[in-house]
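Each chain carries a letter (A, B, C, D, E, F, G and H) given by its place in the written order, and its residues are counted from 1.
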Amino acid sequence: MKKAEEIFQLLKDNFPASSLELKTDQPTEPILLASALEIDKLCLFLRDSSELLFDDLMNLSGVDEPKSGLLSVYYHLGSTKFKHKITLKVSTDRNKPEVSSVTEVWKASDWHEREAYDLLGIIFLNHPDLRRILMPYDWDAGYPLRKDYENPEFYQGMKVPY
Amino acid sequence: MGFLDKEFNDGNIVVATAEDLLNWARLSSLWQVSFGLACCAIEMMATSASHYDFDRFGVIPRPSPRQADIIIISGTVTLKMATRIKRLYEQMPEPKYIISMGSCANCGGPYWEHGYHVLKGVDRVIPVDVYVPGCPPRPEALLEGLLKLQEKIRNESMIKKTA
Amino acid sequence: MMEVGLNHFLVVSTLLFSMGIYAIVTRKNAIMVLMGVELILNSANINFIAFSQFGNRGIDGNLFGLHGHLIALFVIVLAAAEAAIALAIVLNIYKTLSTVNIDEIDNLKD
Amino acid sequence: MSQDSILNTKSSNLKTEEMVLNMGPQHPSTHGVLRLELALEGEIINKVTPHIGYLHRCFEKHCEAMTYPQIVPYTDRMDYLAPMGNEFGYAVAMEKLLGIQVPERVEYIRVIMAELQRISSHLVALGTYGADIGAFTPFLFCFIDREKILNLFEITCGARLLYNYIWVGGLSHDLHPDFIRKTREFIKEFRPNLKEINDLLSHNRIFIDRTANVGILPIDTAINYGVSGPNLRGSGFKWDLRKDDPYSVYHKFDFNIPVGEGTYGSVGDSWDRYYVRVLEMEESCRIVEQALDQLPEGDVQSAIPKRIKPAVGTVYARVENPRGDLGYFIISDGSTSPYRVKVRAPSFVSMQILNELCKGYMVADVVTILGSIDIVLGEIDR
Amino acid sequence: MAIIFVVGIVYFAKLIRPARPTKEKLTTYECGENPEGSPWIKFNIRFYVVALIFLIFDVEVVLLIPWALVYKDFGMTGFLIGGIFLVLLGLGMAYEWRKGDLEWEKPRVVPPSIKKDSIKPKVDKELVEA
Amino acid sequence: MNVYDIVFYLFAALTVISAFFVVTNRNIVYSAFFLLFTFFGVAGIYVLLGADFVAIVQLIVYVGGILILLLFGVMLTNKITNVEIKTGTINIYPAVIGVGLLTGSLLAALINTSWRSVPASAPQATTAALGTILLQEYALVFELLGIILLIALIGAASIARREA
Amino acid sequence: MMYDFFVDLFGNTTISGIISGFVMSLIPLFLFILPFALFAVYLERKVSAHMQDRLGPMRTGWHGWKQTIADILKLIQKEDIVAKDNDKLLFNIAPVLTFAGSYAAFAAIPFTSIFIGTEVDLGIFFIIAVTGLVVAGILMAGWASNNKYSLLGSMRSVAQIISYEIPTILVVLSLVMISGTMNLHTLSELQTGYVWNWYIFGGPGAELSKFLLIPSMFIGFLIIYISTLAEVNRTPFDIPEAESELVSGYHTEYSGMKFAMFFLAEYANMFAVSAIVVALFLGGYQSPIGYLGDLIGAKWMIPIEQFSWFTIKGVFFVFVQMWLRWTLPRLRVDQLMTTSWKYLIPIAFVNLIIIGLITLL
Amino acid sequence: MKEYFGNIFTALSTIFIGMKITFKHMFVPSVTIQYPEVKPQLPERERNRLYVNMDDCIGCDQCSRACPVSCIDIETTKALPGEDIGKTSNGKKKALWVTNFTIDFAKCCYCQLCVFPCPTECIYMTDVYEFTEYKRENLVYDFVTLTKEERQEKRDNLAKFNAEKEAEKLKAASEPKPEIKKDQPEEK
């Protein structure tokens, strides 16, 4: 069982070059900010380091933040052995949203990432099979969970709005 | 062109009795495509389970639409699913009937406003015979819908039939 | 038309036989050829049985007539064995050469 | 439609041609509108490609448009076999975000409801699993018992399937005066029925032949794929959020966590996953009994905030739903409706393992394995 | 007779049933999907092998019928004649069993496993668990 | 012409016509299915010839066994990807002429031959009698057949099994 | 009657047998097969309902007895779809062939001592032979449907039927060895008397061999019942139409009356195989307790009694089939094949040899 | 070998056990409720079709705002100052004509969220579930007791009243006022 601060310290020691930041002003749990393109290596370390063993990717969620022009991804990690948890957040440019995929680290992230791609348009680099998952494959009206999404009038001849 | 395709301008007694018989057969043996979409499907399953027992009405599930008479649209129809439902419906042989079960199938239900991927009512793709309201409708409500459908079939007539 | 007798059966068998031959000669598909062979065997069987029915009953009375039946039986058995093996061979050829057309197989051999 | 099939390209040098078989969206045993694209070689599965989203009802978009209390009915509609659990999870997450302490009685009632819901959900899982394998009678027996649970819920909150019962900070109704008596009665009746189902199905030789040694899931793979709940426990891993990450009042009850033992095959096969559910129902009965014994008095609505307007921040909370870890990730921007809600639906995550599990098995086994994962499409597609 | 009956009833049905073919209706059913590819795949060779074994056994059993009817008249000799035949049959059976031809296609199980460290980590080797 | 004759002509027609379809149809699956009727017709002819046992054997072995085997074979060996499964034919004209000549000469021969035909005896149940002959005279053949079948089984199975 | 007429006509028992069988089989068709199939469907629904604490059809007539009639009337009205990719000719022939095959089998079933469709000496083998037609019909249906489920379903169905034919024949063979006849009628006659004369109890007589035979006969009975179950594709052997995998197998594409043909054939077959089992092992039409007609001296009653006995026994076994179906899950294809090839056939085989030896004693 | 016979034995015995159970169930009375003849006893908290007691409704729009589905459509018209609309049963004075109160039961998800905030408890759930319709439009229920003409009259009255007031104000200040806002969102 490790506190977020300790984990942060451990990461800092192992990735001196990376830009890491711990946001502790949250009402519930602290958030560890990381960089989008290094997240895979970071995660691999988090998973395999014998002190951390974050073997469980609890959740992965994409968030649209149009005010700051960003798309973010939150990772909620847990360890089944030590039972500690950590929240990671990476942000990427809304116009060129690219985040390294963590599918190689946790297979569980596969569909989560596809979903984030499908609904928010975040592109996960190195993802084995980045296709739309929930929306139809031929949906071309954009990414529905973005705040500025407009629903199309028709899809395959069917009226969409009420 | 079969007997049922024909229209009779005036109903003589033979046509009328034959029609009653055939209508009776049709309404008492409504085989259903075993097909569920969402939460309503669970209530549909409950309806065919022992407590409500669809079989009492002669409704048995058929896995293939080719042998079915009714399709119960039980749940949310999404845009992705709508084309499939249409095809399924098309593949059923005439005469065929549709029960739209639950708010979602009726008009999008709770998802009518913000559901960007929800078809607002299955009647936009296929013609619905009976709308059963509820979210989900109680099994009794579905049974009532079925009875209503049977009533509709009973009153169907070949005399000046328009279908 | 005359009463149905030995000749009638023989005619049927002849027709079957020639159609079998025709299949063997003209069809490229090995399985088709096999079907032709089956037809020929059938026609032979008709002959056997027709002869044992109408033909010479031999010295030891009626029993001789049944030998034809037995031989037909044996033929059927052998036909089954033949079909099994021949088809297995065809399948094997197909597996290797991806075709069952005889002439192509011929070409592929070289 | 061009992308619909990714398996259209077949390498020409393959000796045995691959056949692509569609299962679903309308298929009797895909448990809803799931489409599986099976790449077969003979009858052996080379690859299973699940296509989901046929029931994508835009839950997350709705959350952004709803106020916090209005979201509850929508959470019901995700895992429609266990709405109480979904509401519970949402309530836990929101209370964590708001920092509310709810009265004891509320927590007890929530636990009772969640456990009854677990039983009812597992009953459906069992029943449909039997039906998938061809035994239709156990399916109906399960539904008979489930119907009794639904009646319990109905007297409490008036709805049979989607309850809108557990609210942030409280409950919509207090228990019905008859509830406790009826629940005890139900549990008394239920135990012999469960044994009957066991005799009829679980230990039937044909059933065992169909399920044992089919779809073996090793622990480390399971964790890596994020598999949770009975599926993970079926692999022999003792992991239950009710014990390992306790929430609500679960720490006050005494119950076991059944794990798969490989009774008839290897640990982690379909039979184990199935049987873990059977055993869990018994444990749930025990929890319900204990909760009924200890049920404190109190007001169930006292802690419901008049207006829910949490501070800016994020929360992630998870509960043990019948299908596994159900997590809610809520971002609040300080208004009356959430900025973003993301649900970690257990079936959504568990479903990914399907391809791995099915490889090398036969067409019939896909049904078995899929059934043993026990998915609910409403939750996968949300 | 049966044939006449069936044809008759089907024709009778044709008289009354409606026939309203539409394009979609005439597509092949495949769970509501567009049928993909043709069903005419080369399928399992097992089917063939089963048919083959069946054929041989069928023939042998058929040959046994006349024997079974009369072997009692021949006493032990009769029984032995058929017995030897049966033993041959059994031999074939045993052979097939040994060679695994009686097995239908069995699941070829590859329990799933995960590849660890598939991306080359840039972290200290000591910290990484194998 | 009595009923016997009618039945004969029925069966003969069935046999010959379906056999004709078998050899001329370009779709090999059709050929195989028509073969069913040919075999059926031949079985009928056997019955007319008083060979009830052989007829039954014909049905069991040909219809129930060989035909299925052939069908499986056809289905296994044809890449039937949505094109009609056709089999090519070769040298049709020479074949037609040749076979026509052959048939003609055969028919001529058989009609011109006066077979020493005796009237058909009233057929009786043949099975038991067949069994008797089998055990009395053909015991060795019987065993030989067993061996042949064994060999066929082993051979065919191992050929089919062999991976190319 | 009919039979004698043909004997007069041809002076030939075998031919007359078969032909008169075909003609006479028109009678069972309307008198028995159709009503029975309808009744069986109704029975199935009722039995399953009651096993599941339900009620089953209730709303057409008293306890829904008119339900299946309505079903058939409805199926007649249904549009009959022949999809554009189907092979029209074969698609249409297949149900006819299947129905004809399943129903020709009825020709050889001895319902009473006087009423029997045909006196084919090869009775039982005649039934086995005509199942070949069913097999071809199924294969045809699957092929013509141009549908993956149908094709796979029909292939499996055929593989299953042929695999289970061998244990059936082997058991039949062992019975032929004991009784020395293949005629179902004669076989039934042999089992006259009381229950202990039935072949399941070792057959008539009271020698030592009879008692030695009892265990073998029991095994034989089990084997033949199981394999006939498989031949008519009933649970636990209903893989070809296993709806959870293959939608509904080879008749997925069939609608309307053609589907009804398959449907009726299935239920007719259920009775046919039960009848075989009854005729072979359970005394056929013989009463287990003697005849009332004998008792009161009314000879004319005996056939009626026999007919009822036969029907009762047959329906009982149909009932058991249903009972099994609503109890058991289904096997997987490979398990099904294993059951046949590795369990039933070897056991039937050994059983055959043992019976052969015992009979020689 | 032992396994071989063991398999046979377990298969037969478990099949037998199963058959025993199903056979037993043949004689267990069925649990079926024969619906159209026998109607189930519904609990008092049953949540089905809503009912609005229009006599008590004060047109406060609380229910509509609480509804997640926005299937309640309320239009109110202010009563004229001198008009007395009456009181609700718990003594609240009404000040608005409810000129339109429709609930679209085709959309409603029967969540009961609209019931709780109502100040006069005039909207509540009933146990009526049998209201299947052949036409979807029939599922939109209008609870207003006023006739069409009366509604129009009220609206006209208010419009006239407002116009008069407007005119007065215009006269008074001769500056434009913003338009009167409607209190429910416009439907698409």
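Just so it is clear, a residue touches a chain if its C-beta (ideal position, glycine included) is under 8 Å from a C-beta of that chain, and two chains touch if they have at least 3 such contacts.
For clarity, every value in this text was computed on a predicted model and none was experimentally measured.
Q: What is the minimum number of touch steps required to go from chain D to chain H?
A: 1
Q: On the document's contact criterion, could you list the chains that touch chain C and likewise touch chain E?
A: F
Q: Which one of the chains is farthest from chain H, going by Cα centres?
A: Of all chains, C has its centre farthest from that of chain H.
Q: When all chain pairs are ranked by how many C-beta pairs they have in contact, which pair ranks first?
A: Summing C-beta contacts for every pairing gives the maximum at C-F.
Q: Hey, which chain ends up farthest from chain D, C-alpha centres compared?
A: That would be chain C.
Q: Quick one: report the Å distance separating chain A from chain E, using the average Cα coordinate of each chain.
A: The computed centroid separation for chain A versus chain E comes out at 48 Å.
Q: So what's the Cα centroid distance for chain A and chain C, whole Å?
A: Inter-chain centre distance comes to 72 Å.
Q: Can you work out the whole-Å distance between the CA centroids of chain A and chain H?
A: The answer is 40 Å.
Q: I'd like to verify one number: the distance from the centre of chain A to the centre of chain B, where each centre is the average of its C-alpha atoms, in whole angstrom.
A: 44
Q: Multi-chain contacts only, two chains or more: what residues does chain G have there?
A: In chain G, the residues touching two or more other chains are 49, 51-55, 58, 76-81, 125, 148-149, 152, 155, 158, 162, 165, 182, 243, 247, 252-253, 256, 326-328, 333-334.
Q: At least two other chains touched by the same residue of chain F: list those residues.
A: Touching at least two other chains: 4, 50, 53, 57, 60-61, 64-66, 68-69, 72-73, 75-78, 123, 127, 130, 134, 145, 149, 152-153, 156-157, 160, 164.
Q: Where in chain C do residues touch two or more of the other chains?
A: 73, 76-77, 80-81, 83-84, 87-88, 91, 95
Q: List the residues on chain H that touch chain D in their complex, please.
A: Result: residues 7, 10-11, 13-15, 17-18, 21-22, 25, 31, 42-43, 45-47, 66-68, 109-113, 116, 125 of chain H touch chain D.
Q: Please give the residue numbers of chain B that touch chain D in the complex, ascending.
A: 33-39, 41-43, 45-46, 49-51, 61, 63, 65, 75-76, 78, 80-81, 84, 88, 110-111, 113-118, 135-136, 138
Q: Sort out for me which residues of chain A touch chain D in the complex.
A: Residues in contact with chain D: 26-29, 31, 55-59, 61-64, 74, 76, 80, 83, 87, 106-112, 119, 131-138, 144-145.
Q: Using the touch definition up top, name the residues of chain G that touch chain F in the complex.
A: These residues of chain G touch chain F: 9-15, 18-19, 89-90, 93, 120-122, 125-126, 128-133, 135-136, 139-140, 143, 155, 158, 162, 165, 182.
Q: Any idea which chain C residues touch chain F in the complex?
A: The contact residues of chain C facing chain F are 1, 3-12, 14-23, 25-29, 31-32, 34-36, 38-39, 42, 45-46, 49-50, 52-57, 62-63, 65-67, 69-70, 72-74, 76-85, 87-92, 94-96, 100-101, 103.
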